[in-house]
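Which chain is which? They are A, B and C, in the order written, and residues in each are numbered from 1.
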């Protein structure tokens, strides 16, 4: 019972954390990407489609990454080079992605009327670790993407807070014109962050179809991209905090599935609303957005 | 040798630079002199690769620089220090240095950056802030020094400084000019942008004068005089309109501040200010930027509430008109029309509306009237504020303040960026207003301005205000007070 | 006038061209698809009336977005506000049996306005008093509204049999009548148009509207001149929430008569496209809502005739927004300026700039 719950928690938390880590990089560079839901959705659909037609898991992952990156490249061009409103552009990409994946899905798969299934990604047991009671199976007998999320959490923390690239990234997010004056190339830093986020949202989306569901349904992300936004805020722009928030939200989702399955009268919607409510509470609490980069969301246009 | 040839730059319809030639040699301090708006900063931005010129090229030792690349300029050895420090205010000063030229490894080392910073600062004879201090906590002078160190961290052959002395207190000036001389002695090219004639004559080896986007003269301090430089800068000597301070009968109390304090983010910005202002007075608040002036004006405008103490405006908030410092950001809404900008002022807005409905015709006719009365050059009340020149924008703001028929006008750096004639005109309007029984609080970092038109003078330093006596009325003495070096 | 509609028209034309390319790539016939869309939206009397019906919630939500945007408030939350209004209307509606028709209608719409206003006010209050970016808060509130709706139709408001996740139907007295049955034409559109006109007058002719626009153009300057930014932010978000909430209530009173999960198919997001195409002009919102309502209405027929998913409409929406954003950039304006006239009148005399 506990083990099942933990397995489910990790499965829920992983895609959210992957996407949130990407959003974290983007926000540190001074950009807010609401289009992350759309990028995940593209990743989810195109990973499944490529995997289905080619029979290759790797090609599927690559296609998911490529699709999400393509969407993010469009976003980057609009908000970095053209300095349009990040909020409106992100929303437009969410709408666009919902439309494109829906149209493609029905065109390619909708006529058969059958669920499109792929073999889920194989698990990779981490030797003796996987045999630890209770936590061994849920944590160390999982698919490689779970381990990737494990590794990326400290890696991105180190990258952003301890390396020169990270310092450049934060400089671009803090005061873009000053970063440019030092030759640090704000546009380039933002492009890098947005494309890196594309890779991670692509993987996050692919996780939903290739690992979790084994199939695609329209709007399969159902707000997970926005939960990733919450994770960044609740985690106070710190990968460790974000990992904790992702696991918390994952647990809430796992719990509500359990409640629904048990058929109890408990309002499971409360658990689904938790990330959103918690985000508002954290933002409204003392400190508000104090940990966010100063330049977050402000369009910046080079002279 | 640094050489710029035929540099041209336009912003929209405005020509900022029209075929400017400029050169500077190793081992010299070259002053680039000009009025506000002459194109000095634009030229600097182009030299430093921050702005791409529309025409012309920059060469360093006969090697052309890639246009519009700050990275290429720094790599070639051109570093620049900005008018207002371009630092990352929420990072520590060590991180700010690490973003400069000290580090090359992938893993940046704050300790190395700090050590080399200290070493360099020691050579130049000043100290850096305590370890781990965040930039927003350190003083303006410390920030300027930090930015100079950061620029020097690139070991530049050319150092360009944009009005570096404008945020320094007068007492900090001499050591700073010494610093420039030492950099010259090291064989570097130092380009100093300034609009202060005395400074240019005191420190420069050569002087280039810009006016309205073109070079009007090249000279040396030995060959010229301040009067001649002024004529080049301004174009023609305009007789300064009489700004005679008439003996005015001091009227009733207009404004009283009592032990006014303000904390922002745990820091004390205003510290127990008490002062009074009466009808007929023009009271100056002189100080180096960043000592609490902006916050004081914001308090008066009602954007902020004091942490302690009280502020009383006789006749209520609507008896006061505020002219904020940054006219393009705070004072006007550039993409609204002129008449809409007028009714931005609450008393006018209230006069121009009935039962919640705007009387657009009345607002437009008031606007028309003010355009004529204050000789504001504009197409009409429906023109966008963005279409006005700087001087006309400022006239509009002053006109709006007068039209409110206030008892008190608070003006913050009201003539910054205005040319000679426009400045004199704004001063005359304020003097007339006071003569007619109004009170003026003139917050300004321009010492000459406050000495010229104020009937009484206060000095602001680190959030404290100090009344000066008639005996203090001497630029050196006031300068020391502004720096906070004498009590 | 030509100038104001030139860009939206160009954006729509360009979006249609791009969508045609996508359709070609998918092996569908663009001409066939668009013909089916038009046929479905305007092909007969019934289709035309249903286009009006489909456009109605878009006018309400579009006003909620455009009024907020005019004040510089990025209200992404029209969807949640509309849903909150619908929940309130759906909760009150069943209790109005035997009440006079007009009173019942007023109560249902009032409940909708109150529900939406509450949702908007939360975001406004968070922005004004807690400095919480309204983009984030309105997005979060959208999802909270969705979950609240799901809870109400599974819990307190669930219909008597308990078999379906839907609420008890509202009282007959609270239902808006249909005209020209079998059409679903109702007076909701008239209310929407009246509100659009009111919003237009408010923004362009009243002091309150001026203060709102001043805040939208420059928050700091507005604050400097005594415009109460915090209060105005709360008031505006409350008003916009109410506008969207009425939209939700109208949908309940006129069309669905009850709540169910996924009540809004994304009207609040579509409303962003509506508001931008309308250039934030409340009167333009009516026209833009009709356009997008027609697309929504035609999409079902298009699917039947051409086998293309109706979500194609969202591809068009997304593209229209992106293209409009691009057309509004300074970069594009410079380009256009250069193309149109190289020798524009000389600069205003004395204008200089020291950048």
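One rule holds for everything that comes next: contacts are C-beta pairs under 8 Å (C-beta built on N, C-alpha and C of every residue); 3 or more make two chains touch, one makes a residue touch a chain.
All of these numbers come straight from a predicted model, not from anything done at the bench.
A.B. asks: Sort the other chains by how far their Cα centres are from that of subunit C and give me the top one.
C.D. replies: Following the centroid criterion, the farthest chain would be B.
A.B. asks: With contacts counted as defined, which of the two, B-C or A-C, has more C-beta pairs across the interface?
C.D. replies: A-C
A.B. asks: When the centre of a chain is set as the mean of its C-alpha atoms, what distance in Å lies between subunit B and subunit C?
C.D. replies: Inter-chain centre distance comes to 45 Å.
A.B. asks: Roughly how far is subunit A from subunit C, centre to centre by C-alpha average, rounded to an integer in Å?
C.D. replies: Whole-Å distance between the two chain centres: 28.
A.B. asks: In subunit C, what residues contact two or more other chains?
C.D. replies: Residue numbers touching two or more other chains: 355.
A.B. asks: Two-or-more-chain contact residues of subunit B, please, as numbers and ranges.
C.D. replies: 45, 51
A.B. asks: Among the residues of subunit A, pick out those that touch two or more other chains and give their numbers.
C.D. replies: Answer for subunit A, listing residues that touch two or more other chains: 303.
A.B. asks: Residues of subunit B touching subunit C in their complex?
C.D. replies: On the subunit B side, the touching residues are 11-16, 36-42, 45, 51, 212-213, 298, 301-303, 317, 322, 324, 329-336, 340, 343-346, 349, 353, 356-358, 360, 377, 387-392, 417.
A.B. asks: Under the touch definition given earlier, write down the residues of subunit C that touch subunit A in their complex.
C.D. replies: That would be residues 22, 26-28, 74, 76, 122, 126, 130-133, 135-137, 139-141, 143-144, 146-148, 150-151, 154-155, 266, 269-270, 272-273, 276, 307-309, 311-319, 321-322, 325-326, 328-331, 355 of subunit C.
A.B. asks: Going by the contact rule set out above, which residues of subunit C touch subunit B in the complex?
C.D. replies: Those in contact with subunit B are residues 205-211, 213-214, 217-218, 220-227, 334, 344, 346-355.
A.B. asks: For the complex, which residues does subunit B have touching subunit A?
C.D. replies: Interface residues on subunit B, with respect to subunit A: 45, 48-51, 69-75, 80, 82, 86-91, 95, 98-100, 103, 105-108, 150.
A.B. asks: Under the touch definition given earlier, write down the residues of subunit A that touch subunit C in their complex.
C.D. replies: Within the complex, subunit A touches subunit C at residues 32, 34, 74, 78, 82-85, 87-89, 91-100, 102-107, 110-111, 218, 223, 226, 229-230, 233, 265, 267, 269-270, 272-273, 276-277, 279-280, 283-284, 288-289, 297, 301, 303.
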